[in-house]
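Note that the chains are named A, B, C and D in the order they appear, and that numbering of residues resets to 1 at the start of each chain.
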């Protein structure tokens, strides 16, 4: 615990220091980054310790706020979330130190670093807080810090809009959380989590719904996700990496924590979670497929992955509900493992996208291409990230999805009809998500990094410096390691899962042992794959040795010199799928087709708005504002009328109260 | 000590009427504020001796509101020190319709300001509700010239409405006084002085119908002054047309004083066992005010009016809190403090913005963060604070209120409250963020302000709001024990905890 | 000993895979009344390609070289997961078919990337179709396997095949038919056979798989052809394993029976190819969704 | 002495009705003045002409203020403003009177709801006072000119005053005088304001004073 607070203090001091050093960008930047890295590294030590030994450390200080107490506690669950939070924050800080350097002249760099450290502090406190008020304060600090980071380039209109939408969304979500915590603390009288008495099932249901909405807004569940595709592209890339990689996970954390508090789940909770997860997953990846902006695409993929995580939680909850330990363990282990994995590969992808953005000056996919030759490191790491997020073996993304699949199959095997239905939904959903994700990332990687440069932007691309490269490499290596060492990794989830499912630790251990043996086989198969590939490489070398290997233009059915404009664009690549799902996507196409014998200029422009925003939120807000502006005549400036109000109020009150 | 509290500003007022030197007047103004604050702090340590056989006495509610007033006045006087230096008596162009106008003479301004302080102090210390009434009416009269500082017709209109509406309201409150006396008078026996303590002591023997009628009149009368919808109608005009420093005082201090008037009568009714009756009314008016504010904040095009309506919202929250009772009372008192600090801070920031951009139209102001860095930060911070987000104090108070509502099972009210707050948040965030962010050059040129002369932010313009902001931030993270005790004392004095 | 025994099956696959293509071609020739190319033509092709040089497009990067290798590697790895007749799989564990599916995904991923790496619009077109159809066929395959898993109550391919006996046909005949159909469609789609794709069309605009590998040459192309054949073999194994449960207890009979069934499957594919035309590309998704519904039906219809 | 109080009350009612009905500003001012004088006499009347010192001082103050100073000030302002001398109602005089009577009925009912404890000086007092207040408000609401609104405010004040004097036992001098002072300053400031309004707008029609809205 002392180390944890030590890290906290380092972050705080470093943040303020860089704020004060703001006039000298270099100093501010290095101060901020250094303190972020150091603080995170210090604070992550207890997290690892607790995760390994499963002991809970807590400390409760007096706090001079009504019903507030500074009650923090690190249990395995918190530790499990702390590790990705701190790790990714540290890596992203290394990256950001270089990434922000282009703003040197224009900006006071102390401010972003101050808020960056504040964001990290907020996330740390959120996962360790055990008091409602403390949690909410930490939660809002986190949200505000991230808001200020999102609006880092506040001169740009689009950034302002993004910030505004984000702030409103998160604030409304928080409103639900406030009610949640108050209701939670109602019987107890104190808002400490450990003081919550067992509650009636109806109250628990209400609380669950509140938690789903409140935390789901932050996590980005499908109807509530509207802020995500705005905020992530607007923020500086290392910030979007942290936000998308770990900040939205605090929503998941909150949900899981709520589940641990609320007691035994009825069946409808599981179905709700599974439904939300499937919808978020499929729609998320669909919308990602239809995007033209790299970071916006990644943002929608966060929605998708949150969906997968939620499916995992749903399956686990189903296991608890059907009291089938195997199912519970598989579901929760898969979901939580995916939290970590997604943090790694999504962080990697956002950082890679940031490098592309920074060196080419555009995030528009159809303007890029062929830059893997100019930025090999970024290319390789981004490839690894794409493979991981598409859930391809032997990388980490596959492992967690694999566990959730297994859970679903087990449910399909054992359970009754409704279990089969949910299994069906999960399997079909995951399969579809997997296929679409593969399509989406072949598009993203293929069009951005491969082929010819599609514009001058892409031609001027060059590799990032050491700071950026190293952070990319670290994360890529983690993707591989987490995949290959998965048999060991899942074992460490024992404490967490038993904490969530309140199953005896030993049982969870045995379940996880079987899981890890299965994963062992997966690793063996992966090794076979590796061996074959190596063998084939050698074989190919042998076969090609002494034969002529020539370079030529791409075969294009007899065109003379294929220009880069003739390449397949991302839009056209995704078009079959977007057409297939046009029911949800509602893509607007504006076409001016080629006409005549000698066709002139002809264009195709597609744009895919978010359905929830387009068909739910905008109309709702329009309606409200128009309804309210209908009342504005009430105060139209006539003194006489105002006095009349007074008179009427007085007399109505007199007559009403003296009746 | 109470004598000193009353005399310092009064004497200062007389002085600044006779003194010719403008600088000296301003110095006196600041000195008055400092002296007053010093006396207030002293009153914290040793509670002062009652005067006029207990008509003038400083009980806990009085002390709370006196402190708020005093701190605000200190900040405002500092702000005004810089403000008046800029607003020397030359004829100026009105930036909305381009007509020329002069300002009221500085002497009148300073004198009225100090008188205003004196009268507000009298409100906080007087226990005789008749005297309270006198003081309350006096505050109206002292502040009317302040609102008419910029002598053009809009401010005149605002002043006229303020005068008439408040006077009418206060007159009704006077009738409330008499009713209270009737309620207190025993058949045959000699009449009793309507001093709060005596009335509370007589408690059960009061004549209920008259008491109820009295409370109704107090509610309507002082509610007009406090700005409870639909009696608040003077408030947006006055706040938007008066100089920002005055708006800060009006909404930070004056509204609270009026609220004190209602609280006194509420105390008496509670002593007579009529607290239910009063609290329902307070809840009703609170919700009405918040709702009314919601309607007019959404899509409000004038940022000073928006702040004014937000004041309506927050007095509504105060009333609601006291109406809910129990734990909410504490919340309401804390909210009063937070609202005063935050709103004053915001009005001062708005004043700085107004000085540079020369417009009160929200859409014509962009990029405050770049043009006026400090003010921009204050503006954003104030926005966060006023919408009740951590780590600012208002979060704590609103949270306490909500908690009390839900614990009493008044879910409907809680939901309505949250919904309206959310809508208000949407309205305010759009306006505030768009003002703070963006480039801003275009807007500056558009409003014919490209010279960097008055873009520089003077210490007097930014330090006072910074101070207030720091205070409310502190209240959000850590409530000092003394303050906590005082707030709880007040809460228990008006029937909560 | 067991390891050696277990090695037989993948090796058998590696050896016999190209033969299927030969059988299919023979069948088609038969239907067309031609003598057709020799049975072992695919072996000859691969052998020839292995002894050729290579031509690379200037726009390609190392991805283009890595693609075929990883593609074949993944397929070979997949080959170790499926039992065949009495021959056990090299590695068998719970959910091995998931790994199988995702290994196919891996190879597809790289094939598509290679296609995009050349920067040719035709290959991009093919890639786009490939990902579309595979995204739709994946649910069909997995749900179908889920149905099998449910009525054999086991989630490992080896287990499934062992416990699908001839009397499962008697009991859940309709279900097995549904699953079999779904798997057959998936097989056709995944291997780009008619009615989804026409392997020996010569118009790039209409190709799917072929057009993606236009620019590959020499050993790389050999690897690709071999991987394709192997993939065909593997999916065939699954189909046979599910649809034709021969468990006489005598390993020789079982294995040979399965081999015969593979031959029959190849002939069936050939028959389909020569009896029906290729679907319009716009109708392919409907076919695949149909397959998915078949497997969903199978899963839901299974009695509890 | 009951009847004296009754007489005063009836007189109040009549004056109010006159105010509601009269069309000329100057007339209104005079009526209000008369009302003020009568009110000033009221304390003495109620105490049967017992000339106690503070009573005398008090009623003297009232009479000078309400009966002399205010009318003088208002007529002064009226003279300065060169506007036409009509009241300019939103609601016609006839209807005003009718409404007035209706209001009177409501006030009677209200009075019945508030029974006076002890020897009621006059049953009329409460209703009449309510009526006076209401007609004051009515004047403010239904008339255009700023001046009329001041008058309305005065009538309101008178009503409240009548109540205080008639029913409430002696309030301490301090408070009484404070109240008087306030009223005085209020009217004074309003006079100034009206002067400025006239200068700014060249009239005192408050319906032009509605630039600030919503």
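The criterion applied here is as follows: contacts are C-beta pairs under 8 Å (C-beta built on N, C-alpha and C of every residue); 3 or more make two chains touch, one makes a residue touch a chain.
Nothing here was measured: the structure is a model prediction, and the numbers come from that model.
Here A is the chain whose Cα centre lies closest to the centre of all protein Cα atoms.
Across B-D and A-C, it is A-C that has more C-beta pairs touching. Among the remaining chains, the Cα-based centre furthest from that of chain A is the centre of D. Centre-to-centre separation between chain C and chain D, using Cα means, comes to 101 Å. Measuring from the averaged C-alpha position of chain B to that of chain D gives a distance of 31 Å. As a whole-number value, the distance joining the C-alpha centres of chain A and chain C reads 35 Å.
Between chain B and chain C, the centres computed from C-alpha atoms are 78 Å apart. For chain D, residues touching at least two other chains, in rising order: 113-114, 137, 140, 149, 206, 209-212, 214.
With touch defined as above, residues shared between interfaces to two or more other chains in chain B number as follows: 160-161, 164, 168, 172, 209, 213, 236, 296. Shown for chain A are the residues that touch two or more other chains, namely 632, 635, 639, 643, 646, 654, 658. Viewed as a network of touching protein chains, the structure does not reduce to a path, ring, star or complete graph.
Inter-chain contacts occur between A-B, A-C, A-D, B-D. The part of chain A that touches chain B in the complex is made up of residues 63-68, 133, 136-137, 140-141, 144, 151, 154-155, 157, 159-160, 163-164, 167-168, 171-172, 175, 178-179, 182-183, 185-186, 621, 624-625, 628-629, 631-632, 634-635, 639, 642-643, 645-646, 649-650, 653-654, 657-658.
For chain A in complex with chain D, the touching residues are 632, 635-641, 643-644, 646-647, 651, 654-655, 658-659. Those residues of chain D whose C-beta lies close enough to touch chain A in the complex are 90, 106, 110, 113-114, 134, 137-138, 140-143, 149, 206-207, 209-214.
The touching residues of chain D, counted against chain B in their complex, run 113-119, 129, 133, 137, 140, 146, 149, 153, 156-157, 160, 163-164, 167-172, 174-175, 178-179, 181-182, 185-186, 189-190, 193, 196-197, 200-201, 206, 209-212, 214. Contact residues on chain C toward chain A in their complex (touch as defined above): 50-61, 63, 69-70, 72-74, 76-77, 80-81, 90-96, 98-99, 101-103, 105-106, 108-109, 112-113, 115-125, 127-129, 131-132, 134-139, 141-143, 146, 149-150, 153-155, 204, 214-215, 218-220, 223, 285, 292, 296, 299-300, 302, 304.
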